[in-house]
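Lettered A, B and C in written order, each chain numbered from 1.
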Amino acid sequence: MAYLELHDLEVSFDGFKAVNGLSMAVERGELRCLLGANGAGKSTTMDLICGRTQPTGGRIVLDGADITHEPEYVRARRGVGRKFQVPSVFKELTVRENLEVARSHRPTPWKTMRLFPSARLDERTQKVIEIVGLEDVLGTKAAYLSHGQTQWLELAMLLVQNSALILMDEPTAGMTIQETRKTSEIFNRLRGQHTVIVVEHDMGFVREIAETITVMHQGKLLSEGSIAHVESDPKVMEAYLGSGGISHA
Amino acid sequence: MDIVLGQLFTGLSIGSILLLVALGLAIIYGSMGVINLAHGEFVMLGAYSTWLLQSAFGLPFLACLVLVFFMVAFAGWVVERGVVRFLYYRPLDTILATWGIGIILQQAVRLSAGAELRYVQTPEALAGSIDLLGIAIPSYRLFILAVTAGLLLLTWFLVQHTEFGMKLRAVTQNREMASCYGINSSRVFSLTFAFGSGLAGLAGALVAPIKSVAPDMGTNFVVDAFMVVVVGGVGSLLGTVASSGILGGSTAGLAFLLNDTLAKALVFLAVVVLIRFRPRGLFVDRVRR
Amino acid sequence: MSRIKSPSHAWPPANSSAPPAAARPSLPQRASYVQILVYLAFCLLILAVPLVIDDAFLLNKYARYLALGLAAAALSLSWGYSGILNLGQGVSFGLGAYAIAMHLKLKTSPVHTGAAGLPDFMVWNNVQTLPWFWEPFHSTLFAILAGMLLPVIVASLLGWFMFRARIVGVYVAIITLAMLVVTNLLFIDQQRYTGGFNGLTDLAWLEIGGVEFDPYSPTFYYLTAGCLSVCLLLGLALTRSKAGLILRAIRNDVDRVRFFGYDVAAYQILAFAVSAGMAGVAGMLYAMVLEFASPTFMGVPLSLSMVIWAAVGGRGSLLGATIGAILVNFMQGSLSETFLDTWQLILGALFILVVLFLPNGLASLIDMAGERLGRAPPRARTEEPAAAAPRAMGTFNTKQRG
């Protein structure tokens, strides 16, 4: 049994089926790329997995447990972490406080009421901070960070959260080439330890990190396999012929 | 049979006053998202203006109505320009600021007109009652019902069939976009606020003969009106009409079975439960979120 | 079709020579010790007042201000810290007041109406025997516990009702306002059990372990100041705990918090209930200091006044809100009767100015001064999350879809 399984997943907004009978399976420790044109249903699929959107049909099974109707926070406790397309960090909190929120291994009010965050960062957080290079802005409010720094902060929050399954929506959007390279380095390190699903448009980045690719089209699974397989799949060619192949999707 | 008819009319009568007071609020909240806690004070201003015009200048009641609309609308315009327009992006703060405005208006009236109760005379032509299906109905209540219906039609026409209404709907949908198409959105908002306030003033003038006029009379009105607007659904004129009917009817019915106080408490409790399950109101179109 | 790579890279990489985590407290950290000191100083200050003032009437007046200060502090806990604008703080305040007043009324009853022990208003309303729910209020302990726990229970239920359904912002304000009106009407309506419009008047003094709390005495003042101090310090502890941090995160972006595994509703209920408990204590003190409890305690004007005090002092700071309440009431109390109406006018204007130009109240002035001196950290500007906006302007809630 795969770590994450989607069975005939379906969601409709007023009759418009954003995801329409999607089935896929992701193994534990896998790094999966989700590709497709705008409106293919990639972000919605992520929303369905993390619980932001409720499916109108189908099932989601995580590690053998049916999580289809569980609220977001329960899924998060099961180990589903999410990075959004638009960087969303807590703007009114400092970088340090943001990370403290992300360090959520004891999330109930009973526990947190008796927990007093100290100036001392634990070893893991300290290392994450060094890797993403935010050491100097720990006391800065997130609202004052640059766009790039905000991206790194959200990534750092995900790493600190240490989810078993990480969902990333366009992690390299707006990043420079160097930053993208650093991100792919981090991704390659995550491989094996964490299960990662990435929505990404940057084919260079996808080539660097992906082993298996799932291509979506109009809310359905169109093709799945290695880059070479997907790129030579006639169905993909047909669906994306107008836009000049998948690399421009 | 008489009792049922009587109750029906009482419900209709309460409902029409609710609608009258809520109409202005529905326009302001529905289109601008401003929770105007000073709305009750605009009602109060309307009542006092009527009293002033009637007792000091001896104007006939109907003439008062027209004048009062413009007087209170002007007050509303001043309030929008002076305070509310700074708070469009802080909806919760409009609650606070407009409460402050309410205090000022209340105190200003208390200081200038005194704290004692004032009375407004019902025009003689409307003082009697009409026999309808065997029950005596006060003509003035019927008059309120008719005026409410008229104002409702006027508002509906204004919003749906005039250029101003079209602009207002555009600004409500998307303020930035509307501005890009050359609509002066701040002018649209201040005129809307003035119109809503004018309606409140008119409501005050109309209820003045049947309720006692006092500086703090607005507080009750504003809470009632809010419940009507929320139950009806934000931005739905028809919903506002229906919900004032429902709230008015159920208040009258429960008051007949229990008493006025308990009836109001129960109706509010029902409203709370309703907001919990349908925060967007009973009669609003399902909007994709 | 997919192969699993062996977890060869432990992540983050084990690094034995990692530098020790930041050991020295940073600047903001030091400023937060200052916060504790400021709170302690305030508590000592209010506790020291009877040492310099021995005018019984003044002490009674000050005790009243402190009780109202506590109500405002409670409000800032739910509103300022957690973004729950509770316009019905009077429900908790009133429940606390009535709980203690029932006890103190029972103590005077034998004196007024003979050994039967029925409160006077019940006799006037032809009530023959003491209602069952009045019985336990013979006990001082029960009354005090009820004054705290009843508001907590009611708030938890209402909180559960609202927050589980993810009701936010304006709708919370409307629901709490409606509940306030309902409670007020019920207390007025049930005249036989609550004294109706008049409420519970002619109360005895509280007596605990042989100590009598005459509202016109230093003893009573100490009780009030002590309660306020304890509540403030407990509130401070809550806001400085990780739970407090989560509450601020919730106020900032309620949806994002869920994806870190926090049960948002549980936190909102926590803040709402703790705030209600504090308001209950404030209500108890207020009823004792005035020696009556009336439905006006649950009136819309008083609850909204509490909001005003908290806003003037600083909604985002427990101490700020407390000082705001004390300051406004102090000014109000020191004016002559004739000027009182004009004062209300000024208060309304002051309030509008604060909302427009100083959203964090007077407390933000201190922060600004601190920033200028380069010591205190910048405090978060209280901006409402867009999610709290009524959906009338239906533009910015469209979800991202791929």
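By definition in this document, a contact is a pair of C-beta atoms (placed from the backbone, for glycine too) under 8 Å apart; a residue touches a chain by one contact, two chains touch by 3 or more.
Just so you know, these numbers come straight off a predicted model, no measurement behind them.
S.K.: Check A-C against B-C and say which one is joined by more contacting C-beta pairs.
M.R.: Answer to which pair has more contacts is A-C.
S.K.: Which chain, with its centre taken as the mean C-alpha position, is closest to the global C-alpha centre?
M.R.: C
S.K.: How many angstrom lie between the centres of subunit A and subunit B, each centre taken as the mean Cα position?
M.R.: 49
S.K.: When the C-alpha atoms of subunit A and subunit C are each averaged to a single point, how far apart are the two points in Å?
M.R.: 40
S.K.: Between subunit B and subunit C, what is the gap in Å from one C-alpha centre to the other?
M.R.: Centre-to-centre distance between subunit B and subunit C: 32 Å.
S.K.: Hunt down the residues of subunit C that sit against at least two other chains at once, touch-wise.
M.R.: Counting only residues that touch two or more other chains, subunit C contributes 383, 399.
S.K.: Over in the complex, which subunit A residues touch subunit C? Could you list them?
M.R.: Residue list for subunit A touching subunit C: 18, 26-30, 32, 36, 38-47, 50-53, 71-73, 76-77, 80-82, 84-86, 88-94, 97, 100-102, 104, 107-109, 112-117, 119-128, 131, 138-139, 141, 157, 159, 161, 169, 188-194, 199, 211-212, 224-225.
S.K.: Quick one: in the complex, what on subunit B touches subunit C?
M.R.: 29-33, 35, 37, 83, 86-87, 90-93, 95-97, 99-104, 106-108, 110-111, 172-176, 219, 223, 226-227, 230, 234-235, 259, 261-262, 264-265, 268-269, 271-272, 275-277, 279-280, 287, 289
S.K.: For the complex, which residues does subunit C have touching subunit A?
M.R.: 1-13, 15, 18-19, 21-29, 238, 240-243, 245-246, 248-249, 251-253, 255-264, 266-267, 270, 377-378, 380-381, 383, 399-402
S.K.: Report the residues of subunit C in contact with subunit B in the complex, numbered from low to high.
M.R.: Of all residues in subunit C, those touching subunit B are 85, 87, 161-162, 165, 167, 169-171, 173-175, 177-179, 181-182, 185-186, 188-189, 300-301, 304, 307-308, 311, 341-342, 344-345, 347-349, 351-352, 355-356, 359, 383-384, 388-395, 397-399.
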